[in-house]
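Quick heads-up: structures coming right below.
In the two complexes below, subunit A is the common chain; its partner is subunit B in one and subunit C in the other.
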Partner chain A sequence: MGKRIIYSFLTFLLVTIIIFIFFQFIPGDPVLSKIGLEPDPALEAILRAEFGLDRPLPERYLRWLGNLARLDMGTSIRFNQPVNKLIAARLPNTVALAVLSFILVAAAGIPLGILAAKLNDTKAGTLFNAITQIGIAIPAFFFAMILIIIVSIKLKLVPVTAYVPMSKGFFPFLRGMLLPAIAVSFSGISITVRYVRNSIIEELESNYVLAAKNKGVKSGDILYKHVLRNAMIPIVTILGMIFVSIVTGSIVIETVFSIPGIGSLLIAAIKTSDLPLTQGICVYISIVVIFAYLLLDIIYMLIDPRIRLKE
Partner chain B sequence: MKTNSFQSTLVFLLLVSALSGFLTACGAKNGQEATTKASKIVVGIPQDFDSLDPHIAQASGTEEIMFNVFTGLTMPSTAGELVPALAEKWEISADSTAYTFYLRKGVKFHNGSNLSAADVKYSYDRLCGKIPGEEKALKSTFANVVKEVEVLNDSTVKIVLKSRNAKFLSDTYIGIIPKDSGPSQASNPVGTGPYKFVDYTAGVGMNLAKFADYYEKGLPKLDQVEIKIFADLNAGVLALSNREIQFMQIVYDTIAQIPKGDFVIEQYPMNTVQLMGINNNFKPFQDKRIRQALNYAIDKQQIIAMLAPGAPEVDSNFSPVMAYWYEDLKDYYSRDVEKAKKLLAEAGYPNLSFTIKVPGEYPIHVNAAQIIEQQYKDAGITVKIQVVDWNTWLTEVYAGRNHEATIIGLTGKLDPDNILKRFSSGYSRNFINFNNPRYDQLIKDGEVESNAAKRVEIYKEAQRILTEEAASVFIMDPINYVAVDARMEGFKYYPIYFIDLRYLNYKN
Partner chain C sequence: MKKAFQNRNLLVGSILVCFLLLVTLAGIFYTPYAPNAIDPNALLEGPSIKHWGGTDKLGRDILSRTMVAGQSAFLMGLITVSSSMFTGVFFALLAGYFQGGLGNLIMRFTDAFKSIPSLLFAMMVAAILGRSFASTAFAISMILIPQFVRMTRAVVIKIKENEYIQWTKLVGLGSIRIMFLHILPNVMSTVIITASLAFAEAVLTEAALSYLGLGIQPPDPSWGQMLSQGQSALRVSPWGVLLPGTMITMLVLGFNLLGDGLSELLNARTAKPE
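On to the complex of A and B.
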């Protein structure tokens, strides 16, 4: 475990260096971006000094790293606010969206996958396959637009800008997150359905199922007590990957639904060459990804105690 | 198996209906709350605020909203003139270097304090970097021009300039803030405007509330304003067509998506000049004949018809909206492909080829580039289009002048100096590298000329030079399209970026 943490930390350090260097090569200047078409030399000079942009590159990186050790990620050039504050204000939205999407993926994907396995070789099963195929193929932002047009504009169930900050009540907040979560999770659900279905069908053909059947065990017991547990290992792996793709997938969806999350902040930060903010967000995303994989390992252990022995 | 699939279908249907039930239950409660309240307006804007501090904010998108929170000594009228605001009147000294402003009596700031001459001095000293603790100048337009600010009495303030400056007055619309409030303005803006600041969430928007003590009685009409940021225009248009917003600037392409009966589309020229800026330092473009050929080969009316029907055509870097200063050069170059070919052949470039760098964030410029590409084919000119992002454009094209040609809109200002000095050779963002000694002289003269009629002549000549020298290809003053809820009245438009919320109200 200790080794893993060290590797994670090194990966993280490498990520920050790459972003830092990468930013030097992409065109665009944060100060010019900020002052736009009406330049003012006085303001320009103030901003350059204020954000330390007049210092050499290595010095800026080391200073940033030093501040990070004190959990200070600097000030956003675009927004004139501490990076920590900006991220803290938006992180709950992104986390809520990701968690809700993930719950949808698991809550809908696994039962529907079992259903699909049961329906295998029927007409309904073919229809199921077709739907999940569309689900995987359709881009999330496009699906989001269709959802908005149907649910908000035609049926008028929720407003287009349904987002409400959590401070104004948990249920209004949840309501605002539901449609975006459906949009984010649609492809995840489809992938999960297919995996669960295939995994179960495969298990159902194995010898121990045949043995159980011959012993006269009820088919429901076989499925839920034996097959599902064994089928879960590959499913958990895929769910872990889906979680990471949900976190990154929400970047686009947040903008479509005007949700102030990390994703829309990241887009704004990159568009304006706001290095401190971009770095800060990447630090957070790295932490989330590292944490997600750690969680995945723990879940493996819970499902299959044998995995613990390998450590 | 039959019953099994029936059960499964049942489960699936239950799941779906439960989900839609949840949505409906919530929807019924909060549905379209915003639109039913008659004293609130929701305004959609395309980008976030760059700063809430009126002396630091630079983006016109910020300014157009914050005009409702901050008021300056003067303010623009709908005709683009400067009218009294916090200053009731002003006097200009004989040598035009000192301005005495007489402040309106009984004006209050949002924090309850009374406006006095000390607040004006504080605001201007702060802009010039003369406040202890805030020693850095915030705006060069003031730091380079203002010598000192004297408080004559509680309601009279005299601003002395370093030298004569004819455009100084047009900058005095900058917001006045209470003495010593500078450091807190970015988080808690306090001004004297019709609306006071309530809260701001980065990336989401801002709430404003009616300021009961606003100096113009009876204004503003509405109690609450919510500003919502839509980084994605499509999301904004969807929200608009669902009547969640009452006011939003849109683009021509999206008009068809707005429900006709629910919204009125207000249209007016922006006082902006869309031009194909051609780099006068680029080898072929150093030859005036080539620059003229580019002007003869273009069909502006076709561009206008396709991108902004009804937009005024322009032939210099000036919009006819500013009629007082405007020099009519209409049809100086009307389309003449043969003449263009002849000029190109004479200059030795019968097969001219160049690249237009255009910012992808602005569909109107990208589309214009594509139309021009087609039109120029007739004259044997080959155009390559390179789409770059806005930030790259600002750095490479605007500041770096690294381009052959580009298409951009330059926004109009209250004073012609701010519009025309863009092409004086010493200006840091003279991105077309225009270099004309007579032009430079005119800009210098115009800055200090105090005789209004002479000043008009100076700027008209400057406009003529830009056209005669074919400094660039000036296309049109694009149309601003604003969707306003059909239930509302009191919309006013200004030739500068200003969303005046004071008169907006629901019809009875």
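On to the complex of A and C.
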């Protein structure tokens, strides 16, 4: 496990290096753009020293990393506020959307996957298969628009811009988040259904199931008491993929439903060329993803002793 | 060949991709209306005999625009998949053949790069290089490289252990010759499968970027952009988003099925030599 943590830390360093170097390639010079049309060499040197731009690249990277460790990600140009404060203010909406989506993936994906395994080799199973294939292929924002057309415009169940801030009550907020969460989780649900289905079908062909059948154990008992437990272990491995699909999905879906979250903040930052804010959000999301992968690996090691023994 | 027709994924996938390719290619020579022609007398119309896909808020024909936007989608897929394929396979050959120092370095970078969510990376590129077809193509190519590296490297390592490769070493052939003349032909099936799945991802990423206004910029039409424009008039004309959205879904579905089908077909063949 120690090896895995070191490995995550290495990945983290590499990712920060990639992002740092990337943001050095910005066309235009931030100092020159600040002084204006008639550059005064003395003023230019002072400003360069103030921004630390006169130092060599590795030193600037280390300083940036040190600031990052103290949660100092610089100041947004557009909002003129610290980047970490801006992120913190938008975080609850994004986390709420992600958590709700994750719950939907688990609550719908696993039971539907079991159902799909039971329906294997039937016409309904084929239909199931087709729907999940479409679920993986359809862009989340297009699916969101279909949801808006059906649920909001035709059935008039929820208003089109349904976002309600949490300060106006938890349940109205939750109601507003439901449609976005369904849109975000659709592909995750589809991935989970396919994976659970294949995993169960594979387990059902193993020898212990055959032995149990021959002993006369009821097929329901075989499925729920033995197969399911073994089939669930590999599902942890796709959780990382689902997590990433939820994170990127919510970046786009926040824009569709005009939810003030980190995703819509990022897009506004890019469109207004607010580079400190863009860089801050990119680093922030990457760290969350690396940490999530590490956490999932640890969970996997804990529930599957075979992996632990290999180390 | 007979097996290829029995494989449902492969069959449906090829039909979808061929159909969309035909529609797109037809758009080069003929569209029902000029894709940018504005008609103030036909704003936000639903589907009709005159306009099969309806019209947008400027009265432009959605079917014509969808056909032309398909060219951007296919071109983007073609450019990004081929460039990432060449780069990715090259690094995979190196990483698989020289396991240890160089190989490890390549894999560390690949892994680190993979842990940045691909859409996020593409947005970063848009922030730095600006929003255009070229920067979108660059971003998507970069995103796709790790998949080619990982998938191909695994096969290279397996093939390297084969007797005939060991023989080429004994005979005294150089590493570069072994890699490109003897290992490369054997990884092609994996590369083709990966390319098909990568094409689907390229289309999906381009659509998302263009929808967010960070990808292909107007006046060049793209499906993502059409969806974004259609969304602003969703209440008046829900039809506007259906055609471009369905095209994205069908193209992604087609390449996913094609990839799955090829993988079933080709892997079955390598597993059981006939």
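By our rule, the second predicted complex is superposed on the first by the 237 of 311 C-alpha atoms of A that agree within 3 Å, B and C clash if a C-alpha of one lies under 4 Å from a C-alpha of the other, contacts with A are read in each partner's own complex, and residues count from 1 in each chain.
Note that a residue touches a chain if its C-beta (ideal position, glycine included) is under 8 Å from a C-beta of that chain, and two chains touch if they have at least 3 such contacts.
Treat the numbers as computed from the prediction; the structure is a model and nothing was measured.
Novice: Touching A:Ser258, do we find subunit B (first), subunit C (second), both, or neither?
Specialist: first
Novice: Touch test for A:Val236: subunit B only (first), subunit C only (second), both, or neither?
Specialist: Neither partner.
Novice: Return first, second, both or neither, reflecting whether A:Phe79 touches subunit B, subunit C, both chains, or no partner chain.
Specialist: First partner only, subunit B.
Novice: If you stack the two complexes on chain A, which partner ends up touching A:Val99: first (subunit B), second (subunit C), both, or neither?
Specialist: A:Val99: touches no partner chain.
Novice: Determine, under the contact definition given at the top, whether A:Ala137 touches first (subunit B), second (subunit C), both, or neither.
Specialist: Only subunit C is touched by A:Ala137; subunit B is not.
Novice: Quick one: name whichever of subunit B and subunit C touches more residues of subunit A.
Specialist: Touched residues of subunit A are more numerous for B.
Novice: Is A:Met145 touching anything from subunit B or subunit C once the two structures are fitted on A? First, second, both or neither.
Specialist: both
Novice: A:Ile153 contacts which: subunit B (first), subunit C (second), both, neither?
Specialist: both
Novice: Touching A:Leu68, do we find subunit B (first), subunit C (second), both, or neither?
Specialist: After superposition on chain A, A:Leu68 lies in contact with neither partner.
Novice: Between subunit B and subunit C, whom does A:Ala268 touch in the aligned arrangement: first, second, both, or neither?
Specialist: After superposing on A, A:Ala268 lies in contact with subunit B but is clear of subunit C.
Novice: Which positions of subunit A sit in both the subunit B and the subunit C interface?
Specialist: On subunit A, the residues that contact subunit B in one structure and subunit C in the other are 27, 145, 148-149, 153, 160, 255-256, 267, 271, 273.
Novice: Using the touch definition up top, name the residues of subunit A that touch subunit B in the complex.
Specialist: 27-29, 32-43, 45-46, 78-81, 86, 89-90, 108, 111-112, 115, 118-119, 122, 124, 145, 148-149, 151-153, 156-161, 163, 165, 171-172, 175, 178-179, 255-258, 260, 264-265, 267-268, 271-273
Novice: State the interface residues of subunit A toward subunit C in the complex, per the touch definition above.
Specialist: It is residues 10-11, 14-15, 18-19, 22-23, 25-27, 133-134, 136-139, 141-142, 145-146, 148-149, 153, 160, 244, 247-248, 251-252, 255-256, 266-267, 269-271, 273, 275, 278, 282, 285-286, 289-290, 293 of subunit A that touch subunit C.
Novice: Touching subunit A in the complex: which residues of subunit B?
Specialist: So the residues of subunit B touching subunit A come out as 1, 4-5, 8-9, 11-12, 15, 20, 22-24, 26-27, 30-32, 34, 48, 50-51, 56, 58-60, 129, 136-141, 143, 186, 201-204, 228-232, 234-236, 238-239, 241-242, 244, 388-392, 394-396, 398-399, 410-411, 428-429.
Novice: For the complex, which residues does subunit C have touching subunit A?
Specialist: Residue list for subunit C touching subunit A: 108-109, 111-113, 115-120, 123-124, 126-130, 200, 204, 207-208, 211-214, 224, 227, 230-231, 234-235, 238, 241, 245, 248-250, 252-253, 256-257.
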